[in-house]
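Next come two complexes built around chain A: one with chain B, the other with chain C.
The block that comes next holds the complex of A and B.
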C-alpha cells in the first residue's frame, strides 16, 4: 500500500509519537514547530506554535488531553491538545532533550542538556500542584554529573524513569527519591532513543554503536540484541507481532560518500525472537531519525532527516509472514 | 718480643757479626710474581701478540727484486684501504717473492675488513688474491683427523604442510584482515557461510601474503617476516630483516626475497635479501635504489634463475649458488622492461629507439642466451609486455605515434610462442586502452578500450590458423578492470573505486552476459583458485564505511554478504598444481556425471542440515522469549489494579477495553480528481 507522505516540517524530524488510541500522530522537528495529524489519512489538525528553537521531544498523556514538548530554546511547554493553547512554560538553563508524562498523566519528567556550564538535570513536576508550575520548582531535580541523558521513558507504574546516557549507560531513576535504583551498561556508544512496548513491560534502545537492544523495564535484564552496520537512530516494538522496527543513518560527514541514490534510506524490520532481519522499507531521502508503531500494530511511521514523515499501512502479507521454525 | 729480638740482633751486631738477611731455610714464598708485579708483567711482549691483526695474502705475483718495490706499492694501495698497515713481510725464495705475504694491521677489525673485501680481488688475469686471517690457519690446522659426522638436529615436525588440500569437501581457504589490521582470520569457503579455521589478533603488522603454491602464509613485522603453515598454522620459519616492507616468493617456494629500505649500507648490501625458505639461511644481499617496481627480481618459472634490470644492464643470477650466470651481466643499452615467460626459461625485453636503430622486442632463451626472436618496431612511445599464463602467447602492447600524426595509436603484437619461428600477428586498436588480460589456459584475450563514459569491452580469439578474430564487443560498459577466472572461459568486468562497483559476469565461450550486478564502492575482485567463486570487497583502506566482502558464483549469482568491521583485505589461498596427469583429468571429465551424483547428494544433505540447525536455533530462541513473556505478562496482570487506580478507574489495558469511548466518525479520503468541461454557458 502506498505510504502517506506528511509534508509539514521544513527541517529534519526529531521525534514522532502516536497517542494511546492511535488516531493522532504528533511530530516535532528542528524547525521549532510541533504538528499533530490524523494518522488515518494524514490530514493535519494543527500546529503548536511558541517554541523559538528546535523541538527535541514530544509526549501526549494517556487521555489525549495534554501535550508536552521540550526544546532547544531552554523551555519545556505544556499545551492543550485540542485547542493548541499553551498551558504552561517551564524555563530551564539548557536545552530540554527528552520529556514524558507518567502512566497517570499527572507527573511529567524532562531532562536538560549539559551545556554552557550547566549540568544535565532530570526534573519531575507534579501537575496536580499548580504551585510547582507557577514557581518553576520541580518537586525533584536530579543532577547527572557524568554522562548526560540522551533519552528517557517512564516505567510501567510511574515509579521510576529509565534513562539512556551519552556513554551508553542505562539508569533507573526513582520518581520518589531520585536515587539510581538500577544501572546497566550494554551499549558502547550514545543511546539515541528509548521506546517502550505498548504494555510498558519491555523497552528497546537504539544506539550509535550500530545495535538496538531489548530490555525488561523493571529488572533491566538484557533480552535481545539486533545488530546492523549503521548507527541506529530510533527503534520501536510492534504491539501485536513479534517484530521490531529500526531506523538509522550514518555519520553526517559520510553521507556524501555512501549511496546517495534516491530514496535508499531504509527502515529495517527484525524478528524480535530470532534477532534476524526480514524486511526493509525504502523511501526516505535521508537518514531516518524516528520510528513509531501505531498502537494497533497495523501501521507504522517514520520521520527523517529530509523533513518528511511517512505513514505506512502494512499489507496482509506482513501479518502472514513467518520465518521457518 | 720484638724488642727482645732487636736487642738480640743489636747485641749480635755489637759483637761484630753481620746479620743474615736471607730467608729462613724453611721459608716458602707464598706471594706470586703476578700478584706483585702483575701490571709490569702484562706489558711483557707475548709471542702471540698481534696475531689477530695479521692477514695472509695468497696468489701474489712472484717478482724479483727489481719489481718488488712496485709490488709493495700496489699491495699497499689496495690493503691500506682497510686500515693502517703496521707491518708487512714478503717471504722470498730463490731471489723471488714466494707468492704469499703477511700484512699486519693495528687492530683485528681492520684485518677482518681486509679478509671480507679483498678476498677474491682480481689483481690481473692470472692473480686473484685469497686473503685469510692468520689465526684461521690455526683453526684449520686443529681440525681433528677423525671426521665426526655433524650432530643430528632434532627434526622439527610441522605436520602436513598441505593439510588444507585434504579438506573432504574441497573448500578453499582465504585470509581476511579486518578490524583495520588488528585481526587476521583464515576461513574455509562454504556456500552457506564462511567457516572460521583460525583467527589471531595482531598476527601481522601490515598485511599478509600467501606463497605461490599456498603452502605458507607470510606475515609482516617490524623485525622481519614470519612464515606459518600446516594444519594449525604453526610458525615454520622466521627471517630477520629490520623494517621489511615488501616480499616476493620464488615460484617453486624455495626462496623468499625481502626488501627493507632501512638496512642498506654502502659496504654491506642489505636492502634486498634472498633467503632459503627451508633452512632459513640468508643466501645473498643486494643493493636497491628504489622499490618502485616491486618485485625487482623476477624469477624464471622453474625457480632456477632470477634476474633484475638496472641502467643498461640485465643481470641474471642462478640458484642455488646465487651467483651471476656466466659470471657476468648482460649489457643491453637502453633496456626499458623485461619479463620471464610463465611457462619456459625465456625472457622478453624491449629497447626503445636509438637514433637510426628502431625500437625492438627481443625473446631470449636461457641459459643459452640465444635470441629466438627479434621484432623491430617503429615510432614507438611505450611498450608493455603481457604474457599468457602458460607462456603460450606474448602480447606486446605498443603505443606509437605514426609519422606525420600527433596522436598515440595502440597495436597489440601477438607472439605465438608454441609455433616454429614464433610468428607475430598485429591487432590494431582504434581507441586508447584501459585494460588488457589474457585468458588463463586459453587463447583468448579481453580488452577494455575507449574513454569514460564510452568504454567498450572487446573479446578476441587467437586462432591456430594464424588469424586473430574479434569475437564480440560490448559497448558502454562501466568497467575499468578485467578479472579472468583462473581456469579460463569466464570473466568479470568490474568498475572499481570511482566507477562505484559495477560488475558484469561474462561467459566468453559464446560471449554472453550472464549477469549484471553491483557491489557499491567495491575496491577489489578476487577469484578463488578453482574458478568457482568470486569475491568482491570494499576495503577499509579505500573506503571507511560498508566494509564487507560478498561471495558470488562464477555465473554472477550472489551467495553471501559478509560484513566485517573495518575489513581490509581478502586473499584466496593458492593451490599447488594438480597431481593428476592430463589423461586422468580427461577421464574424470568424461565420467563427470558419476562423480557429480555423489556431490549432489552431499549438498542436499548439508542444506537440509543447515536449515535444520537454523530451525533448531530459532526454536530455542522462541522458547526462551515466550518463557520470558509469560513471566512478564503474569506480573502485568498482577499490577492491573494499580493501573486502574492511576487512571481513575478507566481500563486502558486493551485498545477496545473501553467501548464507551468509541465514537463513530466519517472521514474523507481524497481519491480522484476529474475535470469535466460543461461547455459554453
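The block that comes next holds the complex of A and C.
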C-alpha cells in the first residue's frame, strides 16, 4: 500500500478522528491548528485557527456540523465544520485534555488537567441552552480529586462518559447526576487513549503499562488484553474485522537516542479474539501517538510524534489473511 | 508570451528553444485531461536560475458516495488552505513510499520446526550414520570414545603408514562423512547424509567468504559495480561485489558488499577507504555483519 502522507502539522500529533461517514479526517497536534482532510485523497479541506496552544483533543458530531477542540491554552472551542468559523469558546482554568460530543450531538463534555493549583474537572454542557455557553456555566461539573483524566469517550445513548485516569483507573461518570456509576482498575499506569467500537458496546484502552485492553462499555467487564513491550499510545478496534490496531513506541523523550529500527515505531495489528499479533506496518520516524480506523474498515490512519499523519489503504492481502490458531 | 498561442497544439522544437531563451518569463501552466488521466505541466525557476518543467499525472476516479458526503466534497476550503487550488496541495499532501504489512504467523514457524524434526526421526531407525571410531550410530565427532579410542586408532594408522585420519581432521569432519547405506535401498537426496541441514555444503564456503567481506555505505546513487571494482582492486583480489540496486530504476541504493579472497586485504581496504571522499560523499566502510535469522516474513517479496 502507498500511504498518503499529510504534512499539516509542525509538531507531534495528539489525536486524529474520522467523522461518521469517514470522508473527513480531523487531526490535532501540539501546534495550534486543527486540520481537516478529505480521507479519500488526502486533500486538506481547511484548518481551524484560533487556539494559542497545543491542541490535545478533537471531536466531531454525528452529522459533521460542529467540531470541538480542547487545547492547552485553557479553552475548549466549538467550530463550524464547513467554514472553520469559531462558534463558541469555553474558557477554563487549566488545559483541556479530552472532549467529546455525545451521540445526539447536543451535549458536550470535556475534562481539564490538574494544573497550576486547579483540580481536574469533567464538565458537561448542553448546546441547546445558549445561556450555558454564554455564561460559561456547565450544567454539570465533576471534580476528580485523586487522579486526573487522561482520556475519555462517551458511552452509548449519552448516559455516561468512560474516563481513563492517570493512575490506570477507568470510571463511568453519569451525564445526569455526575456520580461515578462504575469503577475498575485494570491498568497499572496512565491510560493514554480510549476508543470505542462502532456500535459503542466495547471500548479499547491504550496504556503506558505496555498493554491495551478491551472492555464492555456498560458493565466494564474486562474482555481481552493485548500485550506489547512498549508503552501503547493509542489503540483502535476495526469496524469490520476482528482486528485491533495499536500504536506506540518508546517514550518521546527517549526517541532521539534510539534508531528507528529498534524503536518499534510500527503500527501493530492484533487479532481481537486470539489476542495475538499478526501484522505490522512501518513508516513513522517516531512513536505513533494516535491511530484511527476508517468507519468502513478499509483504511486506517496513524499520527506520529514525527508530525505526520499517514492514511493507509489496506492491500487485498490484509483482508485475505487469516490467523491460524 | 509565445506559449499562449500554442496552448492547444504541441509547440515545436524551435519554439521551445525560444521559450527557454527569454529570461524571466515562464510558460503558463498547462492542464490536459485525457480519459481519466489528468496531466498538469508547470514551469519553475529555482534559486540558481535553473528552469524546471514539472509534469504531474493524476488519475481521475469516480466514486459513489452518500448525499452528505458528496455535499461535503464541494465545501470551500478555509483556514490555512483557503487559497489552495482544488485537489491535493503538494505542500501538505504527498504519497509516500510503498509499505507492506509484514505478517507474523506463529503457525509458520511451528511448521518449519516440524519439517526439521521429521526426517531426523526417520534417520534414527535406518542407521545412515556410522562412527569411524567405534562403528556406532552417531557422528564421529560425537563419539563417546573419541578421546580414548580415536588417538589410538590414529597411532595405529600412522604406524601403518596411512595418514587418512590426519587428512580428515584438516577438513571439516562432518560433511566429509560418506553416505553409508547398509540397507542398500534408494535414499532420496533430502534424506541422505547432510540433507537434513539445508544447504550445509555451501555454508563453510560462505562463511569464509563473509569473513573477508566488507560493507560499504553512503555510496552515491550513480555508483556502478565497475566503480567499486576500480576503487577496491588495489587492496587485493576481489571474489565478489554486490551492489544493492533499486529494482525499478537500477540506481544504487547506497550500499555494497565486497568480498575479498583474503581477510588481510579486506582489513586494508577498510583502513584505506573508510572516510574516503567519493563522488561528493564520504564513504563508510566496515566489516559486513552476518545477519541474524529473520523472524518476520514479509507479505510480499
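Keep this in mind: the second predicted complex is superposed on the first by the 314 of 325 C-alpha atoms of A that agree within 3 Å, B and C clash if a C-alpha of one lies under 4 Å from a C-alpha of the other, contacts with A are read in each partner's own complex, and residues count from 1 in each chain.
Quick note on the criterion: contacts are C-beta pairs under 8 Å (C-beta built on N, C-alpha and C of every residue); 3 or more make two chains touch, one makes a residue touch a chain.
Here the structure is a predicted model, which is why all the values come from computation and not from measurement.
Once the complexes are laid over each other on chain A, chain B and chain C cannot both fit and instead clash. By the document's definition of touching, both partners, chain B and chain C, reach A:21. In the superposed pair of complexes, A:218 makes contact with chain B only, with no contact to chain C.
Of the two partner chains, chain B is the only one that A:104 touches; chain C does not reach it.
In the superposed pair of complexes, A:244 makes contact with neither chain B nor chain C. Legend: residue contacts after superposition of the two complexes on their common chain; A:295 is shown touching chain B, with no touch to chain C. In the superposed pair of complexes, A:41 makes contact with chain B and with chain C alike. Touch criterion met: A:199 reaches chain B, while chain C stays clear of it.
Set side by side, chain B and chain C differ in how many residues of chain A they touch, and the one touching more is C. Of the two partner chains placed by the overlay, only chain B lies in contact with A:275; chain C stays clear of it.
Of the two partner chains placed by superposition, chain B and chain C are both touched by A:323.
Aligning on the C-alpha atoms of chain A brings chain B into conflict with chain C at a single listed stretch, 513-521, out of 189-197, 441-449 or 513-521.
Common to the chain B and chain C interfaces on chain A are residues 21, 38, 40-41, 63, 323-324.
Here chain C touches chain A in the complex through residues 63, 65-66, 68-69, 72-73, 75-82, 84, 87-89, 91-107, 296, 299-300, going by the rule given at the top. Across the interface of their complex, chain B is touched by residues 20-22, 38, 40-41, 62-63, 103-105, 156-158, 199, 201-202, 216, 218, 223-224, 229, 242, 250, 254, 257-259, 272-275, 295-296, 323-325 of chain A. By the touch criterion stated above, chain A contacts chain C in their complex at residues 1-8, 21, 23-24, 33, 37-38, 40-49, 63-64, 82-84, 269, 276-283, 310, 312, 314-315, 317-318, 321, 323-324. Listing the residues of chain B that touch chain A in their complex gives 520-521, 543-546, 548, 563, 611, 614-615, 618-619, 621-622, 624-626, 628, 632-633, 635-636, 639, 642-643, 646-647, 650, 652-653, 655, 661, 667-670.
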